[in-house]
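Quick one: the structure is below, and I'll ask about it shortly.
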């Protein structure tokens, strides 16, 4: 995770997990959308997208097609929900943070990389907002950290962090979002082939908890280092 | 569940769960989309939508807005995936079944009602296809039945089948899709408020299994009765 | 005509004419669109749509196609105009009523069923608005009732209330909208095959007047009964 | 009516009725759309549009808004239907004629001017097709001529050919499309204010018949003159 | 150049250069778009479009396709920029002028004809605004005149005012926009075939300057004549 | 310029000019779009886009807005034209190369950086196509190299390679695309403020030629080095 990979964004991280690379940029803006005005609460939202040649064969651009596909919609909503789960919007005050997660290269696990990286960019954006005086010095908008992993079943066995060849052949694909203290924010498991039974589900949830704990450590380490100076 | 509520559709069910009413129509067509041709396999897909005044206050029509929202996309994909999980597309042969799930009135649990009803319409559409000779007499496209429930946490307690007032205040909302023999096809749980811990997750999964077993019985009963003659 | 088929809408009717079924929902909202503000006048508008499997073969959803077809536009405008013709918008005050007419099953005459049913839902919505105090007790927004029929020429003979097989082979198709006191709001006649002469046109108009008078009686009867209590 | 106002189109007419100016261009192309192929029949369709500053105050372009309004759709369909009513598509052979009716300046009656002018452009396009050999010398695709007028009620009196100030205050607005031999193709009457009774409707239909007969003479005269040579 | 070809527009010109015909309409409106409010400055913008049958073979309507093509966008922006280059927006005051340039017939050079004609319509619209009192009598919004030509290389030789057959075979196509006093507003040259060297570029620029000077004289002459009275 | 920054693309370059960073990916595919089939010629096209937070303040995504803006269209077309100018499409054979130029960070000159980088990615994609046997060993699709610079006038003086603060205050902005042997492919100069005279135009063209010659050297150097192995 390279912090401040961008010079303009209030927070940014280039996440590289295996060959997957996701650029997460957090944009901090004082003020909130019209429908939230005057309530003293902030807003956090996210948009996820893939560059056309992030994948093995080129995909058409959603801007050229004129509409966003179902998968993009779904993941954008997931990322936004996951981050809001660890944010106290009242403490954020009337400020907006937009997280842009753009996949530069995809090799499995892009949505979980996006959530994990976006959290780090979010922390930096909050600090920028605080430094600008838009967030009160005494405010504590962050309630916990958040990280996500994908787990799956390959050849009958639970596996952590599928890369693309595994992902596309997995019998089950599960994305799990957890807080730093190990509680669940989101569990999304889908049987791609054979339906799975309860013991297998339990094994996957155990594996996910272990994986997220490791990511939480990486996030903590990244945030402990002094960030690259933005230009 | 009222079977053959429609005269034209090859299978149709009006599902009424509490005040929620979803009309599920299955359209059977010989032939498959172009990208599937010549492989001997069939296709099953679904579209979910809400009538503008199915809800407490009127929503704008997605056709008038000119685009489908993220939630609609998400649920349509979920319904399609859930049904495909119990279908053997090779046994279906080169035939297409489209499930239209239109919410006439919404009071919580519309997506799970849609899956549960769509299964019954799907069974009738397959029988129609068989009667027309498009599906071979010896073919067994159905591998199992499928039903879905929503469970949640209200005031700290696991609750089955949330209605809208409960749903909107639930701390956690989970949709679970199970086969008739009790295996998982899909688990989607989201912490709306407080993240949830593993024991609570386990309790929700137990409750979902009980609920789906009850729905499986209702589906079996509905399919056992002679259906209303289509006009 | 089943009044209050929906629990949420301020007025609703399920119209069943032959195998045609149209669900008409009237949404009453205090206030008017921005362009009407401050003039003391209300607004009534309508949207018509067909469910994809209301017809004999499935049609694509307009929301999925991303645009509304010409026929849908045309009928929505016709329904709105027809209802506004019997409403005194000044007496309605700054309130808006939207009529959603969704065709659940189509077998000819859906647009005229929509107008005829929408009138009944409109009456109930006005009474709801009055009960809420948004419409003054002394106000008389309704100037007359409105009903519509389709008439046509089949095998050279004028016919009332075409069902779909007749409709699709009719040489001429005419939709006529009349007030309760027998005056014309709209006359739309189209020669599908042979152009028609004046005597035939006169015969069609006579037939339409008779048919609408009968519908007016049905509307009066439906409104005379106590409506099902909304939940 | 100025024939061959355009150099490229196979038929074209600039219609000037009062201050209304509509440019009608007929494009003849051998071949038919895919859904008509191999049936030996042709196709005639029309598109109507207004330039943004054809009206008294500028309207937004439909291309910029990204969708066509209901009124435009409605009129395009009306023009197409009216012309097809006098064409024998079997005699036309597998050829397509598209009529573009673009309103350069609007002062009432643009749709009826479009129909009346489009007929003349259509005749020229058919002759071009015949000259090119795409239409057989012996074929007789034209069954009759077609013309259209708008009539209305102003201050209680039936009036022919409303200009815009009359049109916008008319109590009733009726468009009537007639064949050259005086039979009806289309009758579209709408009460803008007060509903109208049968005697008034009869008076409007009489007036329309007289008006169309006069337009038929003008069309005949225009087609009798040698057309301006196309460049 | 026929001034006041339209009756409604505050300024309008029908430009006929060879067989190319462009209708330029200037719409003057007091007030500015929201993002400019309160700054005391005006706004000038342009929209360019082609009628479907302005070309040799019919093109699909951009309104029907639901989006504007790249070429249309590009030319609209060019026309707007070119006109703003000779306008002092402060002197214009809080007024908006929209230039609609619609190509009725195309035979090369439509974008340069649009700019050259739009300038004349703009002058008339400013005078209308002044006559209405929306522009101060003492204000001098026009800083210079503007004209445009297309030049190209055909068979190795620089050529002025390409018509369509030349245009489509030109090795290089260059559009040059100049002020009345001979300075450059825009230079857009593209090698369609062989890249061009500096001496050829210099020759094209010389030719363009000569051509624009001639157009400037035509504009001056057109504006010197009394315009046709608008109805 | 970092070659092979991506693992999947057949050619890719991360261009960093000052703080501007553009990721250029070339996708090589055997075969051509339908309209080109059977002519033995290839196709090269380009798409340009900016990430939402590439700029100083966040811009809305074009995919979310549902349409591509005029500027994006314009630059995509410019990049495609510039590359095609140095490609012999006949020598390319029936193969397609799409260049995706995504701006990760913008600080002026993004379109010229895109062209300059895309050329290098294009060379690598051609070599990949040759290695795959889709391009004949003897074929010479590249006729020359291509590079682009932006020049402008700041405070009356010609300046090369404007960064954003200069760009936004420049009186004139000119993009020049040149071949490796110094001939012009494209000249696009726009007076943002004061129109410019011929001597100033000449000075800008001289400066552009110098700048492009330097970029040509950088391209040659980058292509001389062994590229990073793709994973």
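Going in written order, the chains are labelled A, B, C, D, E and F, and every chain counts its residues from 1.
Throughout what follows, a residue touches a chain if its C-beta (ideal position, glycine included) is under 8 Å from a C-beta of that chain, and two chains touch if they have at least 3 such contacts.
From a predicted model like this one, the values you see are computed outputs, not experimental measurements.
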What is the shortest path, in steps, from chain D to chain E when you may only step between chains that touch? 1
Co-neighbours of chain E and chain B - touch as defined: none
Classification of the chain E:chain F interface as same or different, half of numbers criterion: same
Using only Cα atoms, superpose chain B on chain F and state the rotation angle in degrees, rounded to the nearest 5. 120
Dist(centroid_CA(chain C), centroid_CA(chain F)) in Å evaluates to 58
Distance between the centres, which are taken as Cα means, of chain C and chain A, whole angstrom: 49
Can you give the whole-Å distance between the Cα centres of chain B and chain C? 32
Identify all positions of chain B at which a residue touches two or more other chains, and write them in rising order. 66-67
From chain A, moving on to its ring neighbour chain F, which chains come in turn until the ring closes? A, F, E, D, C, B
Which residues of chain E touch chain D in the complex? 6-9, 12, 19, 23, 25, 27, 29, 47, 49, 51-58, 61-68, 72, 98, 100, 102, 104-105, 107, 231
Taking the complex as given, what residues does chain F use to touch chain E? 67, 69-71, 73-74, 76-77, 81, 85, 144, 174, 178-179, 182-191, 195-198, 201, 205, 209
